[in-house]
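Chain naming follows the written order as A, B, C and D, and within any one chain the residues start at number 1.
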Amino acid sequence: MEALAISNYDNIFKRYDLVSEGSGQGIMATAKDADLQKIMECVIEGETDDILGLVDEALTKLDPMVIINDALIKGMNEVSRLWDEGTYYLPQVILASDAMLAGIELCEKKMGKSMEKKGIVVTHTAEGDIHDLGQKIVNALLRANGYEVIDLGKDVPVDTVVNAVKQYKPVMVTGTALMTTTMTAFEKISNRLSAAGLEIPFVCGGGAVSEEYVTGYKLGVFGKDASQAPGMAADAVNGGTWQELREKYNG
Amino acid sequence: MPKFEKMAYDSAEEMIFGTAKSPVQYGRDFVVGGGYVYPELVPHPRPGTEKSQKTLVKEYEKMVTDVLDRCVAIGIPGIQVELEHVYQMTKNPAWGGEIAAQVKRLMENYHRKYGLKSAIRATIADYRKPDEEKVWDSLALETMLEAFEASAAGGADNLSIETVGGKEITDYAIVRQDIRGVVFGIGVLGSLDMEYTWKKIVKIADKYGVTPGGDTNCAQANVAMFMAGGYQDRSVPHSFAALTRAVAAARSLVAYEQGAKGPTKDCGYEDVVTKAITGVPIAMEGKTSACAHSDLLGNLVMACCDLWSNEAVEYHDMFGGTTTAVFAEILGYDVALMNTAIELGKARDLQQMMVLSDKYRDHHGFILAPDNAYEIGKAIVANNGSYYARSRAAAMKAGELMLGDPLLRMSAFEKEALQSSMAQLEAMPENEQDFIDNCCEIYKKQVRGFEPKNYGL
Amino acid sequence: MPKFEKMAYDSAEEMIFGTAKSPVQYGRDFVVGGGYVYPELVPHPRPGTEKSQKTLVKEYEKMVTDVLDRCVAIGIPGIQVELEHVYQMTKNPAWGGEIAAQVKRLMENYHRKYGLKSAIRATIADYRKPDEEKVWDSLALETMLEAFEASAAGGADNLSIETVGGKEITDYAIVRQDIRGVVFGIGVLGSLDMEYTWKKIVKIADKYGVTPGGDTNCAQANVAMFMAGGYQDRSVPHSFAALTRAVAAARSLVAYEQGAKGPTKDCGYEDVVTKAITGVPIAMEGKTSACAHSDLLGNLVMACCDLWSNEAVEYHDMFGGTTTAVFAEILGYDVALMNTAIELGKARDLQQMMVLSDKYRDHHGFILAPDNAYEIGKAIVANNGSYYARSRAAAMKAGELMLGDPLLRMSAFEKEALQSSMAQLEAMPENEQDFIDNCCEIYKKQVRGFEPKNYGL
Amino acid sequence: MEALAISNYDNIFKRYDLVSEGSGQGIMATAKDADLQKIMECVIEGETDDILGLVDEALTKLDPMVIINDALIKGMNEVSRLWDEGTYYLPQVILASDAMLAGIELCEKKMGKSMEKKGIVVTHTAEGDIHDLGQKIVNALLRANGYEVIDLGKDVPVDTVVNAVKQYKPVMVTGTALMTTTMTAFEKISNRLSAAGLEIPFVCGGGAVSEEYVTGYKLGVFGKDASQAPGMAADAVNGGTWQELREKYNG
């Protein structure tokens, strides 16, 4: 009833979400053969249940690395493109990643070894912070893009992070924090890593963490959004220093 | 077990800002829901000040002094300050207690000198880790309860919390657009955890003669809402986040079933449903909490509020004074406008403006418009056979409302997300135990650390 | 010489937010006073970024991007951004020009992509020193005029300024509660200076086909108002500050007499009188400019606004995003509430709430309530024989109104201050030349650097 | 008309200015004799015109220093008390200061020398800022309290301030700024003074200047309000270091 009181909302709000709607191109990728196509589609649709049977089946005919590269990763790449163009939302990406990783696991079992990863990234959520959803998304996106993730979990003391960097020699380490009163641990980690000569990019983000704060200490690169993580990891693998990453992503 | 069987209000039209069926009085001449709206200011300490009790008490002293000074400078008749615990204040219960005591001393001074009405809410930090420890039998819970005691003893008038029960499931479900996980994590596990913890909180409040306030689904429904974000964000569908909110309404009710009296917590966007069902006064936050997060219902959430909050503002300088003073001032004028409308007998007119500003801006505002929120409330009390049943019913009603009003425009993707969730909701079992069994089996496999036994299942 | 002889509006009741008798259109589909209210966001660069053109342009690019992003995130239909020059932007006209150009490029992108309506106001800094140099023949003035040209060429849609003519006298008079000095400094010298400078500004605007906006008495009446401060401040009597505001209304009019079209400058609290007399759209600031300064009329000033501003917010991070985004959001919702009231046909109801929230909170709000402001406007146009006559008449009307309404409560001290000023106003000569001669003699002795010749006297 | 629509404003705003009204004790000081009393009253009333004749008259009978101490300064002290208790506003203080200084000038002329000042303070408004009212108030309050003020005026370059401190050897230097983009000069001044070993309190305030900023550089003491200036100058005269002043007035 109330609603009828107004005939035109255009001067109250504008639905900018509908302005750009439908500008994406939709699903475009096609695989080399029907088996790979079906697997790829499972990734694109995020069908974690169906994919296992299909990969099992395909493994009787095809090389595992072919399945990984030409169906699983190919599907994931298409999903990333769909996300970028605004057709997909994050859940579609996460579900695709679930499906892809399940498929890869089967292939790896068949190969008897793990596929080579692009690089190692250590991730953690700051001490005192139990909210680690941001970190979990970072983990999922990094894994979906072929990185090995050392997941230290939440409420992680400074020592644990520093030791993990020493042990795993990652190309990059990330920290998420919801509260500003827990993010102060990041600066301590930065100091400890610098002192130990471990000058890798330390990407910090989440909740109340700000660029102003993160770029105030050495190694710090501000991560505005979880979706930036794979790109940053790629830059780090290609030898990008923390200064170069900061230059590229911040400021 | 659910208790509320009927609505506190006869209709949505009866609900209005400033007045609640069951007003609450505490603090220094402070009445919430008794006819007028007051601001609730939430200050947040600067990073670094958490390093010791002394530095943190000093920080709160400065922040709150600035707030009280600003009230006296511009004529705000009364104010509530929320001490929303940073981790360190709960982990060290004495810190939270001393901060409450210090704030109370300040407030008493201003009350004596100027007659400024005031009250303190202490919100204890829930830092339990549901995927790593027993949520009902952990050092964290023990410490949290001690923090409640210390705060009550120190001077808090209202005890509140944002419990995290079921978060291990919803963290998994929200980013996978999995409505079943949302109903299970928020509606079932969240409710069970609240029943357990709120019995204890109410007991502590009674012991100290203070008011058990409320609980919010911040850790879950707000996560979904914040991830849904603005028009250009594509982290979580907005329609899906709105369903999550409806489930949260069924869950947050448990606090009041266990004896909480309100005012509810500001960040509980579901509180308007709570008010419709229970009649307790509610704290809300919207446009003036842009300092803490952006939302798409900045005016609409004011429609039925009894306290009006900024959610959280970190203490810093601005040209116009410190942030806590600045936001006290903005809240104070927002509230003055509402109270003027009340005195003019035009509160309904102002409410209508607030509602129509945002009802069709986004899904979240749509389902929280008083009329729709009331309908969701009715679905909840009509399905009070189990926590599960009312959670599912709340979500289905919300979905039905969204699909039924053509003025709520949706992108194809948003609509698809909603319809797909609705289909899943419909396909869920009628019986709670069946649902629980089903979910336990699924999520024990999928969610690392999930342990049904922790919730008595 | 004064020009306005009658009121643009037939009565105060006719005045309302969002609509002006003479709307202004410019920028990207941007209409001010054409039926709806828009936000005007004023970003302020962080200290240090003023060190080079490059760093400052970059700072503005970031600040404005955040503003436009937030508009698109929450659905704000249109926005004006004020480039309120820091000293360095005017001193180096090319800086201000390049910043205007960069902001225009950003706005064009958002307009193309989303249809976001937008406009740019460039406010040049008046850094002349009336007690040290010839205000009409100085390098500072020359540079300021170059800055206007560069900004107009760069992309500014609206050219504004806060001129400082007469400030050497009012700085002396305000802190001595000397109403004669206020009438002379603001009403006579300020008006003469505006007449001279605005002829030049309008010419530049015409040359570039942009809109000459407005001028505010920031440097004088706002100084009195800010010094009067809150209830507990005792720097300047609030009643005296309100008289100063009335005089400012007579003075700021000169811009529109010389061809300015509005929207007026946000910080001109006297603009409601300007609107009543001239019909130009006005920018106002109140509760949502608490980031910049505190005032006692946070809601009331919205009553007749066409743009709603935050005055100035320094660029920093808050939990909810950067300050410029946060304040764009709050302004956006304030404006949405007003526009909803307009669509509901309830704008008058909302206006009444705004006015009564603050009409009796303090003297300043009292005289700027539309009804009283209208009366002051009438006194101004009825006494249009000279700048002096109308300034004095404005102050006397304001005083009369304050003393005549028993609902405006005053402390004994405030009342005494007002009555004493009223007695002085009454004792002043009728004739402008007599007043000028008298003042020149007095202030040449008392105020170091005051030189009547600088104002053609 | 509108006004009648509301019968009770108590829940909209509260007039806290009227709550504490009338709690002051009013004028209490009395001088030793009738002549001094009249002069003192002129100061208390801020009568700049009348005071000259009265002082002239008194100087025919009394020692100038008696007039200064027992009428002019005594009156000013009473004015300060009235301001502190909330009876007076700033204009009464400024007018009283005008009157007192006019009286002192006459007495000094008679003595043939200036009365001894408590100490020297250098004041300035930052380069680029032409708004110097805050500084003028500081000047007036310092002079009213017996300090010699070296007034450098507005829009003052860093060099000028540093040189003035070298030349006049003040106990304290002040800076006011309206804009944050001009206050950055304060840090430069602080560095230059420190480098030159001139470690006196540098009190900064005005407009947008914040405690956070001012306490971020050496020597900086944040001045919240012009009325603090005389107290700070007194502390500086008594040997208070910038660290001690900062400790007392800030934080």
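Here are a few things to note about the model shown:
The working rule: contacts are C-beta pairs under 8 Å (C-beta built on N, C-alpha and C of every residue); 3 or more make two chains touch, one makes a residue touch a chain.
Everything quoted here is computed from the prediction, not taken from an experiment.
Distance from the chain B centre to the chain C centre is 40 Å, each centre being the mean of its Cα atoms. If you average the Cα atoms of chain A and of chain C, the two centres end up 49 Å apart. Look at where the CA atoms of chain C average out and do the same for chain D: the two points lie 30 Å apart.
For chain C, the set of residues touching two or more other chains reads 44, 72-75, 231-232, 314, 316, 319, 336, 339-340, 343-344, 352, 356-358, 361.
Contacts with at least two other chains are made by residues 5-6, 9, 12-13, 15-16, 20, 180, 208, 213 of chain A. Taken together, the touching pairs give a contact graph of some other shape, not a line, ring, star or complete one. Listed by chain label, the pairs that touch are A-B, A-C, B-C, B-D, C-D.
Within the complex, the chain D residues that touch chain C are 2-3, 5-6, 9, 12-13, 15-18, 20-22, 83, 86-92, 94-95, 98, 128-133, 136-137, 140, 153-155, 179-184, 208, 213.
Contact residues on chain A toward chain C in their complex (touch as defined above): 5-16, 19-20, 180, 207-208, 210-213. Against chain B, the residues of chain C that register as touching in their complex are 44, 69-70, 72-75, 229-233, 286-296, 298-299, 312-314, 316, 318-321, 323, 325-327, 329-330, 332-334, 336-337, 339-341, 343-344, 346, 349-350, 352-354, 356-358, 361.
Touching chain D in their complex are the following residues of chain B: 35-36, 72-77, 113-116, 316-317, 319, 336, 339-340, 342-344. Listing the residues of chain B that touch chain A in their complex gives 44-50, 86-88, 91, 127-129, 132, 164, 171, 174-177, 219, 223, 227, 231-232, 234-238, 240, 314, 352, 355-361, 371, 405, 407, 409, 411-413, 417.
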